[in-house]
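I am attaching a structure below and will ask some questions about it afterwards.
The letters A, B, C and D name the chains in turn, as written, and every chain counts its residues from 1.
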Amino acid sequence: MIQLKLSKNILKLIGAVVLLLLPLLVTNSYFIHIFISIGLYIILSLSLNLVTGFTGQLALGHAAFYGIGAYTSALLLLRFNVSYWLALVLSAVITGIFGFLLGLPALRLKGDYLGIVTLGFGEIVRLVFVNWYSLTRGPLGLPGIPAPKIGPYIFDSRIPFYYLIFGLAAFTVFFMHRLVNSGVGMAMITVKEDEIAAESIGIYPIKYKLLAFSLGAAFAGIAGSFYASYISFISPDTFLYMDSVTILAMVVLGGLGSIPGSIIGATVLVIVPELLRFMTNYRMLLYGALMVFMMIYRPQGFWGANKRVRNSYKIGIRGVSNEKDIRG
Amino acid sequence: MKKILEVDNVSISFGGLLAVNQVSLHQNKGEILALIGPNGAGKTTLFNLLTGVYQPTSGKIIFAGEEINHYKPHERVKKGIARTFQNIRLFPTMTVLENVLIAHPDCNSETVIPAVFGRKKLAQRRRTVVEECEEILSIVGLQDKLEELATNLPYGKQRLLEIARALATKPSLLLLDEPGAGMNSVEKEELTNLIYYISREMEKDVLLIEHDMKFVMNISERIIVLDHGEKIAEGNAQEIQSNPKVIEAYLGRGNFDDEE
Amino acid sequence: MKRRGKLFTLLLVAVVLVSLLAGCGQQKEQEAKTGEIKIGVAAPLTGASAQDGESIRKGVELAVEQINAKGGINGKLVKLEVADDKTDPKEAAIVANKLAQDKSILAIVGHFNSSATLAGAPIYNKEKVVHISPGSSSPAVTDAGPYTFRVITTDAFQGEYVAEWAVKDEGFKRIAIIYENTDYGKGLSDVFSASVKKLGAEVVANESYILGETKDFSTVLTKIKNAKPDLLFIGGLYNEAALIAKQAKRLGLNLPMMGVDALYSDALISLGGQDVEGLLLPGFFHYSSTNPVAQEFIKAYREKYNSDPGTYAAYAYDAANIIFEAIQKAGEDRQKIADYITNLKDFQGATGINTFDENGDVLKEPLRLIIKNGKFEIYSE
Amino acid sequence: MFTQQIINGLTMGSIYALIALGYTMVYGILRIVNFAHGDIFMMGTFFGLLLTQKFRFPFPLALILAAIFTALLGMLVERVAYRALRLSDRLVLLISALGVSIFLSNFAQLVWGTETHPFPSGLSVKSFQVGTVTLSNIQVYILILSCLLMIALHVFVHKTKMGVAMRATSHSINNARLMGINTDSIISMTFAVGSILAAVAGILVGIYYDAVYPTMGYTAGLKAFTAAVLGGIGNIPGAMLGGVVLGVVESLGAAYISSGYRDAFAFGIMIIVLIFRPSGLLGKKQQEKV
């Protein structure tokens, strides 16, 4: 058992080293861009997974938070000249507040009704981006968003952005992993599974729904902030309903309520369309068919929640009850 | 004797139908109290009123000397009322241990920042929680099934797990909704011992709903009978068994120990 | 069962990674291949602007066919790498990276939507590769970078031009504007409305619609009808313009209409029919013009595709030919191509004479057109 | 102008209502949102176009044939993408439905191209003035035909054997099965009926705007779905009411407040209604059993 664990850790270590050295191994910036996109979507799918996969609230407007984060960050950088790092934090906070606000109707609604309300919210947010001309420049978008700086060093190529997204994604994975395996995360799962039973043991479902929406939104905001500075141009058509759907598809294809699932889902759904690129016209056709196929033959996703490491509370306690730990 | 729980003239109606009508009752400290009555008598509705799932149309519910009508369900748990459900409501994708852990106040009161970034102190606290929960599970006899998924347990064991989960919230009053339903006689025997243990050794007050008259008569110190939402009788086992109103209420609908 | 699931997942991930690495390898192979010249086309082949993307592809493919029929450039055949940006700026960034990174691609025709061009431009400029947009008319593209060019005039230019025509030459006084709420429509209508006001006419209604979301203009047209204008200016594309014209007639709104060269398409007439008769617009190429390149282009296009070319096909055709000339004259080198195009003067294309200013914007003089008897005709007062 | 805007809204609203019926019927029976319904609507329109333009069928025949083809398509979609997933998590179904939606819209693009096609119906458009209001004959046809179809649907659901079986199935699939109803074929039938309505709505839209294009299902589907939820999803009169309310609110909002926010009014009214009436205008409140 110890051997198994050891080899697992070695694998993880090798993986981390490869990922860290990747920009040195792959010089083609198209591939670096793909890896950066994967990192971005890992953050987005994990943040949605917290809301939908763990807390059980169907949300079809996640791209709106992504957009709010991007616009907040871009406007702070362009209008107020704040440092990128401050903009990153502030956009997470502000997007989190919007998540809280959207969470409020969620308290009264369930399932598909909640889904359509979040979808409507997403559309309204986009229309505000389009129509609030004095703030967002409407459909013209915001060009020339400055790149991050560390002291005198300016992020002038994809490589520093790669390390930035690597750090952000790693932080998100760490955060989500610790959170969902903590008492907070388990409480969220109880809200998903049975609200009345959750109440009967002293859990206030409303609190956890709002928490999930706020945190989910805040992380989407981080992704948005990164995107704005990375591409240096944003416009309302970057944050569409279809993008919310793509993120949801990553979560479901990967496996609801599973962190490795979201990571795999994001990776696969970024890479597959690229692999299909040579088929120009048939690409999206095949993509749609694959989605149906996947759901029929593997509805639990690549890495379903049934693979969730049991007895998660003990993970927080290193070395305790190991003799009873049958995770192996 | 000190009254731990008082129900004062409580009524609730659903769409004009009185499900509970002007019911008053109380529970004494240290007592095992049973609530019986034919199907649709309003027993579970009364539980839902006590735990705050429903709000009474009129009347007061007083727990430990305080009116609790305005408290939400989760707040009443913090006050010390815990329950089980007639139709078992465990968290099916969680393990046995997790089901109990998450009911523990030190676990479900965690907040985000310490939960994510906490180190030694958090670990220490969690260790204590796990130990306590394992202890509770050994009281109900599930100490060997910690890693089993809740849904994979046999029916009787699921009922025991629900009791363990309720105990983990550290209640002073435990409401058990048909704890013996679906159990065989051996399991019921064990259940009786468990309830005695909870009452005597753990010093918790127990209020239970049960259909099995033998079981009820055996375990409870006092019995309250509901019919059509109204309280029709109250007393010890002998008093109840000889009460003509009770006999009529049951005979009106069939057998005395008709469980369905 | 569980094991199988894990295996499945691992297998899948492995396949994906291997194919990605295979992709890496393939890329290198392509770089090594010589004997052909590669240029990229980045256009929206799916999504809201798919129809224009298709036009662009056809325009470029025609140019390639023609040059290859003449033996290619310096004896090498031209090969196209077509990429779909899905009318999505995020996708545009991916496509831009892919094309810019493939060093065998010497220059790119693209993108169409200004938002896509603006998302792609930083990447092309970082990689120092020329891209010529056949359709991004937003003023913001002006500052996109030294490697960003376009063969379409800016919205600012056309907006002012049409405003002068409408107010000074035609004498319209009460003008209603309907525009699509995109970078293109918004930019255009802003310039147009400002110029109209400067020239002393009144803007009595200024309404927007969202591209791709509605084909029902009855609400805004009712509003416009209420404002009693004497001219309707359409700041949109041909599909919507045709529907606007139709629905306006249906609401009893009989007005002269004007638009910009983006409306120049067969589809406007086939969709709008009787209801677009009399519509005035500037255009940069026309079959009856004396421009021989335009004549030849229209003829060849009809032969190849059995339909009349639209504006964007023509722009794309010109963009491709400019790139071909640059390669021919300056050599197969990205930087040399950029230098050549920067200094390009008076390139005779299907859409007129192209000269780039210091920002890579094109300068050219439009024709005045009218729709008459189901055809675009040269307009004369 | 007010009356004119109401008429504009009603025309649009009745089309939303026709499409919304498809969402609501499927939801009523299977409790799933058929996200591909908007694309089925689009396919119906293309079938109509194909039959009138390519094969030169007379219009009424083309309408009926297109409705039949669309019904078959709807049944096929149910068979392939939903049947196996009936018991799965709803999100799994949702993704499958989205997959179908992506597939169909790209399929249409491949077959019929990306361009907007005119829809030559042979009907000549006539506008006439009633007081301050301008009405076109097509608007009148749309209003009349939608009303007729909704009445027909009502009669079908309440008066025919098949309709009664449908309602029984929507109450409880298991009970219906125990009563000897072939629920699989009832579900197929529900998809067929929903698709027929969508095809008719599509062809009406095609004629009204004289335009057909592959992405037309997306917005129409979204709005119709909103209408269904607004009215109380699963509730047939609710879908009709929702469609009409949505059309009118959208039209008035765009006219009197801002045309740029047109869709925001549609979604805004829906969010507000749902917050105060969580099961929609006509939906029944469901008490969770404890």
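By definition in this document, contacts are C-beta pairs under 8 Å (C-beta built on N, C-alpha and C of every residue); 3 or more make two chains touch, one makes a residue touch a chain.
Quick caveat, the model's predicted, so the values are computed rather than measured.
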| item | value |
| --- | --- |
| Co-neighbours of chain D and chain B - touch as defined | A |
| Remotest chain, chain C as reference, centres from CA atoms | B |
| Identity of the most central chain, Cα criterion | A |
| Centre-of-Cα separation between chain D and chain A, whole angstrom | 33 |
| Whole-Å gap separating chain A and chain C, where each centre is the average of the chain's CA atoms | 34 |
| Intercentroid distance (Cα basis), chain C paired with chain B, Å | 71 |
| Whole-Å gap separating chain A and chain B, where each centre is the average of the chain's CA atoms | 41 |
| For chain C, residues that touch 2 or more chains besides their own | 45-46, 181, 210 |
| Shared interface positions of chain A, touching two or more other chains | 127, 130-131, 196, 281, 284, 306 |
| Per-residue multi-chain contacts in chain B, two or more chains | 53, 85 |
| Chain D-touching residues of chain A, taken from the complex the two chains share | 52, 58, 105, 108-113, 115-117, 119-121, 123-124, 127-128, 130-131, 196, 241, 245, 248-249, 252-253, 256, 281-282, 284-285, 287-296, 299 |
| Residues on chain B engaged by chain A in the complex (per definition of touch) | 51-53, 72-74, 77-78, 82-83, 85, 89-95, 97-98, 101-103, 105-112, 115-118, 122-123, 126-127, 129-130, 146-147, 149, 165-166, 168-169 |
| Complex contacts: residues of chain C adjacent to chain A | 2, 5-6, 8-9, 12-13, 16, 19-20, 23-24, 27, 45-46, 82-84, 87-90, 93-94, 97-98, 100-102, 113-115, 118-119, 121-122, 126-127, 138, 140, 143-144, 181-187, 210 |
| Residues on chain D engaged by chain A in the complex (per definition of touch) | 27, 33, 80-81, 84-85, 88-96, 98-104, 106-107, 110, 222, 225-226, 229, 233, 258, 260-261, 263-264, 266-268, 270-271, 274-275, 278-280, 288, 290 |
| Interface residues, chain C side, partner chain D - complex | 45-48, 50-51, 53-54, 181, 207-210, 212-216, 218-220, 222-223, 226, 239, 242-243, 246-247, 249-252, 267, 270-271, 273 |
